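There are two complexes below, and they share subunit A, which is joined by subunit B in the first and by subunit C in the second.
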Partner chain A sequence: MNETSKSHSLHLGLIAVLALSYFVLPAYHSGNLASVMVIAIYAMGYNLLFGYTGLLSLGHALFFSAGLYGLGLVMHLANWTPLPAFAAGLIAALVVSAVIGFLILRTTGVAFMIVTLMFAQAGYLTILYFGKYTRGDEGFALKQASRQIAGYDLTDPGVRYFCALLLFSVTLLGLAYIIRAPFGRTLIAIRENEERARMLGYNVTAIKLKAVILSGVVSGASGATYALLFGYAGATFATVQYSIFPLLWVLVGGAGTTVGPFIGALFMFYLIDYASGKTEAYLLVVGVTLVLVTLFLPHGIVGTIRTRFLRWLP
Partner chain B sequence: MSKLIKPTPTLTRRTLLGTAAAAAATPLLGRYAQAQSSEPIRIGFQVHRTGIGASYGRWYDRTTTAAVKRINDMGGINGRPVEIVAEDDGTDPKRGAEVVEKFATQHNCDIGFGTLFSHVVYGSAPRAGELKLPYFVVSEGHHVASGALNRWTMQPGITDVKSQVQAMAPFVANNLGKKVTMIYPDFAFGHDHRDYFSEAIEKQGGEVVAKIAIPPSETSFTKYFPKIPRDTEVIYHVMIGPAVLTFVKEMGEFFGPSKPEIFGFLDSLEAVDINSPGLEFLEGTYFWEGNPRYAQADQSSHDKMYREAVGVDENGASVSDAKDVSTYSHMFGCWETLNIIKRGMEAADYKGTDDRSNLIEAIEEMSDMPLSDDHPQGAKRFNGKTHQTFGHQYISKVDSGKLVLAHTSSIEDTLYEDEVDYTTQSF
Partner chain C sequence: MILTTRGLTKAYAGVKANTDVDFDLPAGQTRAIIGPNGAGKSTFVGMICGRIPATRGTVSFDGQDVTALPAHKRIERGMAYTFQITSVFPGLPVRENIALAARRGLGRNKAAVRAKTDEVLTRLSISDRADQMAGDLSYGHQRILEIGMGLAQEPRLFILDEPTQGLAESEVEDFNALIKSLDAETTILLIEHNMNVVMEVAEYITVLDQGMVLANGTPQEIRANAAVQEAYLGSGHA
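Right, the complex of A and B next:
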């Protein structure tokens, strides 16, 4: 079996395991998995820019929120149905990431991180400013009755789970394909040596802009999916905290790996969930664990497995 | 994290040795035995242990523990002990929804309870509705009464911000002045105050002469004070968060001794000692209080009992640490909500999760609740259609470093038109 076949097997195997998990796991854990799959989409979007292109953004909550509010506002204020609203969420993320990408790519390194952080903060304050429509920090709930597609109730545990799985699978397979395609290879070339890629004739800025847009749209898709499946949109999702989360998930899971973002999100969810059930000082446990992961698994969980054992891991 | 707050045995070994004491104890033992033979009623307590709500969460936790202990000491609910299953939501709406899911599908809780911050309520309530988990919030947000949530979500133990703000307008207009400048944080909480108070003061013949919104990230306020019109008679402030100390200090430096009347919401200073350095300027100003922090001269026996049970001294601080100031204006909501849940479960003859909808209907039937040990903050009037309770509001004046009660609003002052009828929604 060559590397491509192994890679396909891994991705399809993961999807199959997740599909089977719904029928095996208790209700609580299958509900958690639905949530983890949705945020893993966000992490995968982030990973495209950070893990594969080498651009460390501290403002991805802006893109997540663009999708969240793009869907949420048209459903809440204009009574749009979920599918057109989902398209609105994607378009909102596309527009925001294109505009922001055009501006932030004039910077590099630390300046890039700071500028992305500032734009995200500006986005957060914009949501608060238009509180009449967004309800600011409180946010708003989407009515249960409105969250249906073709007669399928998205609030039903099974429908929600497989809807999350569908979007997760499309994103995983889509990004895995892109990474192996020439465009993805170019992103990795830019990450490894931007000047060399430029000397080889690539329009690095244009390619990075495409990466920002693609990363932003995937992150926005995650935000729109969250609002749709869990019925809430609020400014908390635009705070710095929600820009740091995907960085954490990707670092823990393995930057520049296709399944690392999912593993990282899953690990972090259960670390918090388990530790908070054992001690009130669970944040200390989480912090110590992250320090240990950083010390002993410097490439993240999947990244370290790839480095030490399975070189073929995508 | 789960903790079973067991009924406290009122009998010591020594008294049990005495025949008379043993005879007296017989009915108690019977009740205790019955409670122990039953499965506990599990109440999922969504607590803000970390995040921006942590100072509130600590006191909500203590109040809940005290209320459940009292309920269990009285024999539990329908002869069953009450068990609190507490989970930290990090004051985060996403984690809040996950915690609600955990209550319903992992801990097998009968109900969810105790959420304070509005954004966590908004994030969690849809999930509670989907899981058909009765969800009792103690938030004072207008979210429940506005119709934004669902039939499974109720706020029976604490009044909402709309009724609180509305009830302040008559006192402000008649005693402090009719030209008001509002200073408020530029997010939903501040906007609620701005909108509801502006409307209410106009009905009293007053007007808001300036509305000064402070961005949430602001750390210094001196540039905002020159925007206060000179003809301002009253400043209405609702700043919250750690910057409030700076806000008050800088306001004092700006006005000096010739200040206008000042009225604020104690939300600004919950868990903060009113005598903290920098707050001297508040002397002589007025505050809304949900429940008077300082034990008043005419303190009711109910407040005395509640204060002792929760462990709060006459100054509103912990009996074990005078610097640990309580969130007295809000935490009574946990106490009262739990007593309402008890009464609702008894009225519904609640036996298990199949009776959840009966519990909701039983509470929807409730209306007037008199001042009592169950309701130490004051009488309440619950509206079953809007799932929201209404009650007295208090206005206190800072006098010699203490909050002294100056006015008690009527329940009628707090009422407004129904905005929803949840009873028309199916389960």
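Right, the complex of A and C next:
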């Protein structure tokens, strides 16, 4: 098998395992896995910008919540049905990431990180400011009756699981395709040596803007999916914490790998789940684990497997 | 003239790196720019290819004023530039490094990109290293790869900033042969410290000193030029 078919097999294999897991795992774990798949979409969107393009954003919660509220508000306030509402979520994320991307790409390095953080904070405060509609930190629930697509009840655990799996699969395969395509290669080239890419004739700023938008829309898709499947939107999702999460998932799983974000999200989800059941100081356990991972697996779980054993890993 | 500069000047906080450089390069020529360290050679070619914005003056490429164009647009019009300090994509395979260069001109035509990449790999005798990571190559091979990236762009003006720096003697000979073989295909502008290379490959030489043009001439004329000897010997360089 060549590298392309190996990576296809890996991705399709992962999707197949996830599909089978639903029938094997107890309800508690399949419920968890549905959440993990949705947040893994977020992590994959983040990874496109951080892992492949080399831009470290500390403000992705803004894009996630653009999707979350884009869908949530039109369903909650205007009684839109899920599909048009999902489109509204994507468009909200598209507009926000295009505008923010245009502004933040005037900076690089540490300034880029600070500016993204600042914009996300401004976004969070905007959500609180319009508390009359967004209900601020308290948030709002989406009515069960409204969360139906073509007769399928999205609040049903099975439907929810496979809906999450569908969107996860589309994102995984879509991003894997993009990474292998010339556009993705150019992103990696910018990560590796931006000045060289420019001097090969690439309009680096325009390409980075496309990467921000794509990353923002995928993150927004995750937010919209989250609101739709779990029926809740709240300002907590726009806090700094939710900007840091995808960074951690991607670092733990492996930046610049296609399946790393999922592995990282899965690992962290269960780590927090397990530790919080054992002790109230569960964040300490999480922190120590992160220190250990960065010390001993600097390329993350999948990244280390790639460096040591499987060079072909996408 | 494929390249013309008029009054090209670069000042860094008042200190002039280049002052009013007028420069004409006919299409097809292999031109070397020489001069003592700090003569402003890299700044000058940096302004030509757009890496360094000019303080004043104009750059015309192929009859059109490109002074206001950003670097990537000048490259798009047919310039290529190789860096003084080796600059490749270390985390990508050698083949992909060259394909990235070829793709800019050939676009989405996968077969053409592949053919061009193979051609360059063969021409530089690095086909056997095509699948290695560029960052794992030896220094000499990275320099060759960088020249290969330039070749893959099929430039009409190929700017090389000290390409033989740090190469072994045998590698320098290979480089000379390569540049001579390119003579018929493209215009070459070469910054070079190695006088053996300059005398062997350059058809015409421009000498910069203290940011200004000191002399222009054939290798023989430059060798015999008293002012040039003065500039080199006077500042302690041979």
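Going forward, the second predicted complex is superposed on the first by the 314 of 314 C-alpha atoms of A that agree within 3 Å, B and C clash if a C-alpha of one lies under 4 Å from a C-alpha of the other, contacts with A are read in each partner's own complex, and residues count from 1 in each chain.
Just so it is clear, a residue touches a chain if its C-beta (ideal position, glycine included) is under 8 Å from a C-beta of that chain, and two chains touch if they have at least 3 such contacts.
Please read these numbers as outputs of a predicted model, since none were measured by experiment.
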item	value
Three-chain arrangement built on subunit A, subunit B and subunit C clash or fit	fit
Which superposed partner A:K278 touches (first subunit B, second subunit C, both, neither)	first
Centroid geometry (CA): angle subunit B/subunit A/subunit C, rounded to a multiple of 10 degrees	140
Subunit B versus subunit C as contact partner of A:G300, first or second or both or neither	neither
Which superposed partner A:G260 touches (first subunit B, second subunit C, both, neither)	neither
Partner chain in contact with A:E195 - subunit B first, subunit C second, else both or neither	second
If touched residues of subunit A are counted for subunit B and for subunit C, the larger one	B
Touched partner set for A:R185, first subunit B, second subunit C, both or neither	second
Subunit B versus subunit C as contact partner of A:Y129, first or second or both or neither	first
First (subunit B), second (subunit C), both or neither touched by A:F140	first
Smallest separation of CA atoms, subunit C relative to subunit B, angstrom	38
Shared subunit A surface residues [contacts with subunit B and with subunit C]	none
Residue ranges of subunit A in contact with subunit C within the complex	182, 185-186, 188-189, 191-193, 195-204
For the subunit B and subunit A complex, residues of the former touching the latter	1, 49-50, 87-88, 92-95, 97-98, 101-102, 105-106, 118-119, 122-123, 125-127, 129-130, 141, 143, 148-150, 186-189, 191, 215-217
Subunit C - residues contacting subunit A, complex	49, 51, 70-72, 75-76, 81, 83, 87-92, 96, 99-101, 103-105, 108, 149, 153
Contacting residues of subunit A [partner subunit B, same complex]	26-28, 31-32, 35, 121, 125, 128-129, 131-132, 135-142, 144, 155, 226, 230-232, 234-237, 272-273, 276-280, 282-283
